[in-house]
Amino acid sequence: MVYVTRKAHFNASHRLHNPNKSDEWNQRVFGKCNNPNWHGHNYIIEVTVVGEPHPETGYVIDLGKLKSIIKEKVIDLCDHKNLNLEVSFLDGIIPSTENLCKAFFYELKDEIEHASDNNPKLYSVRLQETERNSAEYCPYLSV
Amino acid sequence: MVYVTRKAHFNASHRLHNPNKSDEWNQRVFGKCNNPNWHGHNYIIEVTVVGEPHPETGYVIDLGKLKSIIKEKVIDLCDHKNLNLEVSFLDGIIPSTENLCKAFFYELKDEIEHASDNNPKLYSVRLQETERNSAEYCPYLSV
Amino acid sequence: MVYVTRKAHFNASHRLHNPNKSDEWNQRVFGKCNNPNWHGHNYIIEVTVVGEPHPETGYVIDLGKLKSIIKEKVIDLCDHKNLNLEVSFLDGIIPSTENLCKAFFYELKDEIEHASDNNPKLYSVRLQETERNSAEYCPYLSV
Amino acid sequence: MVYVTRKAHFNASHRLHNPNKSDEWNQRVFGKCNNPNWHGHNYIIEVTVVGEPHPETGYVIDLGKLKSIIKEKVIDLCDHKNLNLEVSFLDGIIPSTENLCKAFFYELKDEIEHASDNNPKLYSVRLQETERNSAEYCPYLSV
Amino acid sequence: MVYVTRKAHFNASHRLHNPNKSDEWNQRVFGKCNNPNWHGHNYIIEVTVVGEPHPETGYVIDLGKLKSIIKEKVIDLCDHKNLNLEVSFLDGIIPSTENLCKAFFYELKDEIEHASDNNPKLYSVRLQETERNSAEYCPYLSV
Amino acid sequence: MVYVTRKAHFNASHRLHNPNKSDEWNQRVFGKCNNPNWHGHNYIIEVTVVGEPHPETGYVIDLGKLKSIIKEKVIDLCDHKNLNLEVSFLDGIIPSTENLCKAFFYELKDEIEHASDNNPKLYSVRLQETERNSAEYCPYLSV
C-alpha cells in the first residue's frame, strides 16, 4: 500500500464561538480567537489517499483528479470566505482546526473513493492553521 | 553597514474595498478579496534595520529590543484583529499588502531609530500575505 | 479521533559522549558530534495530542494551554542551555535526537493528559535537529 | 521504539509512459507528464528507520551511516539522471512517485537493517515530487 | 515606492551544453549537468514589480493580473517542457539559471509595464533551480 | 548583471560575551545569549555573487566551484565547532550574526573573485541564525 498526499491552500476568516454559551464564557475560553470582528488564516490542507498503485498507471489516484476534487469540494467553497457564515457544510460547527479537518474528510471521502477502479481509500486530512498549529483527522489509527 | 532582519507573525481578517467607489466597481476590481463577510491571512512581517555593528556588542540593534518594538507597534494591534475596523493607524487606508507594509514602516521607524546610540536606520518592511504574494517598502532604493 | 500538533523552537548546545567509554571510542563513534568544545542546534519540537474534540469547544486540547505546557516543561529548561550540563531531567542521558524526544515525551505526558476533561492523550513527540535529521517517539505504533 | 528520519535530495528527468499502451492512451491518461522530450523534478526523499536507541550511542541508527547508504543506493544512481533510461533497478517500472518510493524502499532495506546490531527496521520511504505532491511507502500500517 | 513579488512554479527538463564546443569540453565544464539524457528541476520564479500604489486600489499592480501574465509568458510555455528543445524564446541560449532569469525578465517586461496606468516597472526576476542554487536578474542595481 | 546565490549550512556553538566588560554588564546586555555553558544554532549562509554570465557557459560563477570555496573557507572551519574558541579568523570578534557575516564576506572575497575570468564580484553574505533572526553584509548598497 502506498500513501499519496496532495497539498492545497485557501484563505478564510472565522471566529471561535459557541452560540449555546454566554459571551463571557466564549471570551474566557476562546480569548482573542473569539473576536466578533473576525480574524483569518492562510489554511494549508493535505489530503492523503492510500491504495495499491494501479498496474496500468502507477497511480494510487491521479493527482490531477485529486486536485480537482479538493478544489470542487473544499477550496471553491472556503477560499476567501467566512467559515462561520458562508460554508453550508460547516453550519452548526465551531470552526476549530480539529472540526474543520474532520468535516473536510467527510466532504471529500465519497468522490475520492470512486475516482479510480483500484479501490483508493481516503486515509487522512491534515489542516494547518498557522505555521505552529495543525490538526489531522485519520480514522484508521488507534491509541 | 550590516542589515539585520527580524521576522514576526500575525493573523488578521480584512477585505479590499474603496468606500469612495460603488459596490459594483469594488466587486469588479477586487473580486473575491472584496467579500463583505471578510477573509483573512497569516501575515509574516520582516523588518530590516541597517547600521554599523556597535563596537561593544556587535549588534546593529538588539534583536530582542527590535522584537519588542514590532510586538508593541504592530503585532499587539493587528493580531487576531480586523484590519479595516480595529487598527486606528490604518483608518482610511485600503489594506492591500502594499499599503500595509508602508504604514507599518512609519509606525516602526521612530522607535527603532532611537533604540540604540549607533544610529540604526529602518531600511525596509516586507509583508507576506500568502506564500505567493508579498510586498516590501524600502525608501532607500531607486529605479 | 483527531490529532493536533503544536510546534515550538529552542536553541541549545550539546555534544554526543558516552562517559563509560574511552575518548578514542567516543571520537571514533561520534566523530565531529563529540567535539569537547560543544556544538549546537536550532531544535524544532512538534508535540501531537490525540482525542475527541470537546463538544463545547471543538478542541482536542486548548493549543494555548499546550503551548504553555511545552514552554514550561521543555523550552524554559532547554533554550539557550547546554543539554549535557544544565537540564536536570537529561542527567545521565546521551543527548541524541532519539533520546531527547523520548525524554521530552515523558516530561510532557502527565500535564498534557490532565489539561482537559475530554481525556486527551499525548501521541508523539518529534524533534528536528537539523533540516535533514529528525526523530520521533510514539509508543502507540508497532512494527 | 523511536523513528529517525534522514532527508536527501536529487534532481532527475522522467516521463510517465506505459509502453504496453498506445501513444493516444498515454497522452490522454498522463497528459503533460507524458511529454516525449521529458520533464524533471527536484525530488526530496525521506527515509524513516525504527528501533530502540542503542544503549551505548543513543542511536537507532548512525545517521551518518544512513546518509551514506541513501547516497550509495539512491542518490548516486538517480541524481542528474533520466529515471526511465538510466537507473537499472527502475527498468520496467513507470516512474510515478508511488512506484519510485516503493522501489527505493526495497533498494535500501537490506543494507539499513544490517547497519547496526540493535535490529533497526526500515519503516517508510517518502518521496516529494513537487511542493504539493508526495507519496510514501510504509508496509507496517494497514487500513 | 513599493515592491510587490509574485511567486510561481514550473517543472522542466534541461541540460547545460554549449553546441560550439566539443563533447569533451562540455563534459569537463558542465559535469553531470551535461547528461545527454537530460535532468530536471522544480523551478520557482519570483517576479518583483515596483511602483507607487494606485490611489484607487492600493495596488502597485493587480497581483491577479501579474499571475496571469507570468502564466501566459512563462509557465504555459515552460511547464513540463524541455528547456533546450521546446521553448522558442530560449533558442540558442544555454539554459543556466542566470540565462533563464534574464530571458524571463525580457519576456515579461512589456506586458507588466502596460498592465496598469500607475507606471509599474518590472524590477527583477529571481529563479530558484534547487533549494541551494538561485539567480536573480535586476538591471536597476549596480556595483 | 545577474546575481547568483548559493546556500550552505553549518551547526556551531557560541556565546555573546565582550571580554573587556564585566560579567554583570555581559549578563545584562546579552541575557541568555551570554550563557557561559554555550548555546548553539543551525546557521544558514547565503553567498551572492554578481557579474555578467560568461558567454561560453552561461555562468556568473560555476556554482560547484562556489560551493567548494564556501566549504573550504567557512563550513570546514565552523561546522560542529565553537565559534568563540576554535575559528582563528574569528579571534577577538564577538560572534553576533552581524559580525559573523561580515567576517565570512572577507574570508570568501578573494578566492571567489579569482574563480573565473569574467570578473565576478562577491556581492553579499547573508547569515540566518534562527528562523526569525538574520543579518546580511553588502558593501554595495547605501542609505
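Order of writing sets the labels: A, B, C, D, E and F. Residues in every chain begin at 1.
Basically, contacts are C-beta pairs under 8 Å (C-beta built on N, C-alpha and C of every residue); 3 or more make two chains touch, one makes a residue touch a chain.
It should be emphasised that the depicted structure is a prediction, and the values quoted were computed from it without experimental measurement.
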Q. Going by the contact rule set out at the top, which chains touch both subunit A and subunit F?
A. B, C
Q. Farthest from subunit A in C-alpha centre terms, which chain would that be?
A. F
**Q.** Chain copies touching (subunit B, subunit E) - same or different residues, decided at half shared
**A.** different
Q.
Centroid of subunit A to centroid of subunit E, CA atoms only: how many Å?
A. 34
Q) What is the distance in Å between the mean C-alpha positions of subunit C and subunit E? A) 42
Q.
Just the number, please: Cα centre separation of subunit A and subunit D in whole Å.
A. 28
Q: Among the residues of subunit C, pick out those that touch two or more other chains and give their numbers.
A: 131
Q) Looking at the whole structure, which two-chain pairs count as touching? A) A-B, A-C, A-D, B-E, B-F, C-D, C-F, D-E, E-F
Q | Contacting residues of subunit C [partner subunit A, same complex] | A | 1-8, 50, 53, 56-60, 62-64, 67, 121, 123, 140
**Q.** Complex interface listing, subunit F residues touching subunit B
**A.** 16, 18, 21, 29-31, 93-99, 101-102, 131-139, 141-143
Q | Parts of subunit E lying in touch with subunit D, wherever the complex brings them together | A | 9, 11-14, 32-33, 35, 37-42, 79-82, 85-86, 130-131
